[in-house]
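Structures incoming, each one as structure tokens.
After this come two complexes, each holding subunit A, first together with subunit B and then together with subunit C.
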Partner chain A sequence: MKKRRPREFLMQGNEAVVEGALVAGCRFFAGYPITPATEIAEIMSVKLPQVDGTFIQMEDEIASMGAIIGASLAGTKSMTATSGPGFSLVQENLGFACMAEVPCVVGDVMRLGPSTGIPTYPSQGDVMQARWGTHGDHPAIVLAPSTVRECFDLSVKAFNLSEKYRTPVILLFDEVVGHMREKITLPRPEEVEVIDRIRPTVPPEWYIPYEDTTQGVSPMAIFGDGYRFHVTGLAHDIRGFPTLRSDEIGPFMDRIHRKITLGFPEIQMGEFFQLEDADIAIIAYGSVARSARRAVIDAREKGVKVGLLRLITLWPFMRTAVERVIQKAKMLIVPEMNMGQISREVKRVNEGKAKVNTINRVDGLTITPQQILKRIREVS
Partner chain B sequence: MGERYEVRLGGSGGQGIILSGIILAEALGLYGGKFVVQTQSYGPEARGGASRADVVVSDEEIDYPKAIKLDLLLAMNQKSCDEYYRDLKEDGILVVDSTFVTQVPTSKAIQIPFTKIAREKFHREIVANIISLGAITELTNIISHKFMEAAVLARVPKGTEKLNRDALKAGVITARKVKESMRNEDIQPQEFQRED
Partner chain C sequence: MPEITKLIYKYLRHDKKFPHVWCPGCGTGIILGALIRAIDRTGYEKDDIVLVSGIGCSGRIPVYVDFNTLHTTHGRALTFATGIKLANSNLNVIVIMGDGDAIAIGGNHFIHAARRNIDLTAIIVNNNVYGMTGGQYSPTTPYGMRATTAVYSNIEQEFKISELAVTAGAVFVGRGTVYHAKLLDSLIERAILKKGFGVVEVISHCHIQYGKQNLLGSAVDMMKWQRDNAVTVQEAKRMKSEELEGRIIIGVLVDKDLPIYQDEYDKVRERAKEGLSSLEG
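Right, the complex of A and B next:
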């Protein structure tokens, strides 16, 4: 009888997100159950107490977001997970986390919207909300896994980026990825790179909590550690207190954007598949990228030169990757389970150089390889 | 095994369809060493409503996670039989729970009263899905009996091992009998013959 391999599991995407978070050091989860993200809360509620972590079911997602910001300020890596309706509620405090530069991770497992929509059906309708859901100009890091193993890897990455850049990071994936089970092999925890926030090394009386640095990220003290600092959603000076002076507000706003821009090479991740000689390029993400990959393989067998740019990072948008693709490919296909959200960005970057085709589906079903193949045939 | 072997289990919420999908996927992937993806589709209800699980298994990495053309369809109610039969390959295998599926779309359909067996033999309707897994093991050559049993026992609650092992066995035996009788009637298609 074949023995099961030690670190091999049949695991759900949502479950892999939890495993990744725990390996990355997450010890606090606050949330409210919602299909199709419930498994994340459910498994966290079992696993966190086993590692001396804290799970709390809050009264709603506004409070959940508030709770994880508080926990993070107290020095604990923390996350929440929700779906569309709850994602709308986290937006206010998400902006607070951007403004106060509090590291935290928010999972949004996308279901068909708007409003209650269809809880059990997939969509990719929250792509723009993940970028612009909270008001005001703010940086956003949004990662989109498309396999179960990637749910694990990007969950770790989300924590690492949030700690390194002192910013909320959103894990954005559709119901198919969240609920899909795949056989995966998990790395040992000691094989995984974990990044922790930089803490101040100066004595408490010298600490300037929002001081600019070369990378634009200030060291972050733990609340209760003897370092006094003030946290507010109001525009603040380098000491953290509200300010009305434009010579302080301007540099602050510039810094919270600059720190992300400087990190582009590390933050922006994509997969280039069969693009070297491609006349037609598909740009896709999430579960749709898997259909697209199948379509590329099938089309290549028929001699059509197609490639795939799979976006792993949705925001900041991978302008340079798209620009590279359109140097050769003059025909683009952007399939999405929404009315056209990433395709708007593609068109913006494209500036009319290539022809952009969209495939949009909002009926609760996934975009199939055949649907993409059909479009490839039409445009080739 | 070809590039992809695709199975769909369909029924209504509460029949244990998704658990069956998970067990089948674990048997194939964790014990059988194949690449495997299991996806599901269901309504918001806890009981009733349509429920379906797709299991795609392959010797290679799997891209598109859902089934495209089915090699095997297990229909635990009439609605799923009617709805998914058109996705079955021409030489695909159709297995139905004849307790609920009274009208079959083809004479090649393998009709086994899983729920009736569960009710009468085990006095527990809940094991109908495990009986059906036994039948799938017997009717296809994608998975060995040993791996299936190991996967079932790893997933079922403690204390119910014997019940589930017996249920699995009942599925195997019943399927074997049905297979024999179909062979006698000389309508036995090739794909029903096991390799081992």
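Right, the complex of A and C next:
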């Protein structure tokens, strides 16, 4: 037997997202060129046809989002990737995917906004848009990798969650994570857990496409399966047909939120770093969490009891993790490359129990360990 | 059982609560009838047909018929259809849109779908107005006509949908009316059977929203206008351009062959795998 070498690569975040997607079973990508996400489309265009998948460059991001929903309805795991201006355009059909419960993955490599902003500079300005960008009340799952290896892992996770919960999942990372290259070791595809949507097993005449279940997720037939069901962005009854009845609309809206709430233990992921005895806690995500980790290590060397809560899942917001942290730490620092988006959530959960300090940077530069260390010194 | 009853029994959904949403006298029912007759003539299985629509009166067609059906967002039906067809090329994907749906908000998707030549069928119901929202002017409202957003009369020039489709590269383009029902059946049938991007523009009438504002009479009056003003493609060739002013040219405008996207993409896959094996070798 041939000796198996470790799968070591020098890879950028955008590339790792593609590798993860392919391992997770993604076989359709539709996209539109945009900095700093273009590498994802380019690499997909090379790799997908090698595995009998399909890449298509659409006329805009609205079309890209429509195409991936269509592909998913036809039974193919699909994704698109974009950045701020394109992320604004996908919002319309992202809402459709929430309403019709179509699994798919959307990558948003965040650049400085608003508008065209600075295409080549990082930001974390789309955190709230990822939660509330499409109109109406809807659930949202948003994952935020901070290393290249995590780009791979969360890309797989995004597909798994989207399939399991029948909902779009957003991979949200800043330009630094997207373009940064790191040496990583990837698992072999057979070692990776891959989850596929539950398909109906009942005969077509018994199939109720939007029926409630204990987990709130209905089995999903695909077009061509023989089930011939209706899919619409209108509020619909359990058979998928448009309804104006409040006693049908209410339970439907309740269910699409409940299915995510029931999944909180699995969906909400965070990393607790040196928090056990921490008086000061930093709450960070994405590339900023890397600076925060360095700052924690340096501050600890000087005897300051500081820890880091790294948010891997941004939405649904990890209320319980923050509550756990503020039981001990009465001083919080929330550094972000925006004017304070996650810090608003932290303050909401904190309810005045700890003091919340923010570090906000929107000039296109990253938040450095020194900048966080300086604030630690100021508050300690 | 009469033929029409058989078709109704076979193709309409029995678990959907009727009545439908359309106004009495609307042309959409005739188009739905033509679509069902055309599909029946192709012999395609119901399981293999996906009917996709956008938003508007035409957008409500899929819910009543027993296919795989998808009611998408306004103007975006062709983008969803693109994903479906590329994910499973065994499915026959038919897209039905209105004039505002396909040519205003979805205009960009329409020209690019035509240019790409994916094997899809696009049926566009052209009634010159936004009917569902109450009679606003659309890109096909003729100059000088009235609408609720053009009460002082429309000052914009209209799009000619079929000519736009021809220019954008569609391999099959036909135009019919709801009056010429038999022609419509055959145009839709040919568009479905055509390999590549086929377009059928159907001139319909909205006597409620458009007719009323422009004093065009009842549904029957508006259909008589279609009868009296339609000229076939063959007749039109012998007519001067001033004689064609205000006329509807009906029939097949284009039927040609160009490489089909899926066939070309199969070649891409082959080339991609060749590259892969040479790298491994």
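By our rule, the second predicted complex is superposed on the first by the 374 of 380 C-alpha atoms of A that agree within 3 Å, B and C clash if a C-alpha of one lies under 4 Å from a C-alpha of the other, contacts with A are read in each partner's own complex, and residues count from 1 in each chain.
Heads up, the rule we're going with is that a contact is a pair of C-beta atoms (placed from the backbone, for glycine too) under 8 Å apart; a residue touches a chain by one contact, two chains touch by 3 or more.
On a predicted model such as this, the values are computed, not experimentally measured, just so you know.
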item: Touched partner set for A:28, first subunit B, second subunit C, both or neither; value: second
item: First (subunit B), second (subunit C), both or neither touched by A:229; value: second
item: First, second, both or neither for A:195, with subunit B first and subunit C second; value: neither
item: Touching partner for A:74 - first (subunit B), second (subunit C), both, neither; value: second
item: Which superposed partner A:10 touches (first subunit B, second subunit C, both, neither); value: first
item: Contacts of A:208 with subunit B and subunit C, given as first, second, both or neither; value: neither
item: Interface residues, subunit B side, partner subunit A - complex; value: 22, 25-26, 29-44, 62-66, 68, 146-147, 150
item: In the complex with subunit A, residue positions of subunit C that touch it; value: 15-17, 46-48, 50, 52, 62-63, 66-73, 76, 78-88, 90-91, 108-109, 112, 265, 268-269, 271-273, 275-276
item: Subunit B contact footprint on subunit A (complex, rising order); value: 1-2, 4-5, 8-10, 35, 118-121, 176, 179-183, 287, 290-291, 293-294, 297, 366, 368-370
item: Complex contact set, residues of subunit A against subunit C; value: 27-28, 30, 46, 49-50, 52, 54, 56, 58-60, 62-76, 78, 92-93, 96, 223-234, 239, 241-242
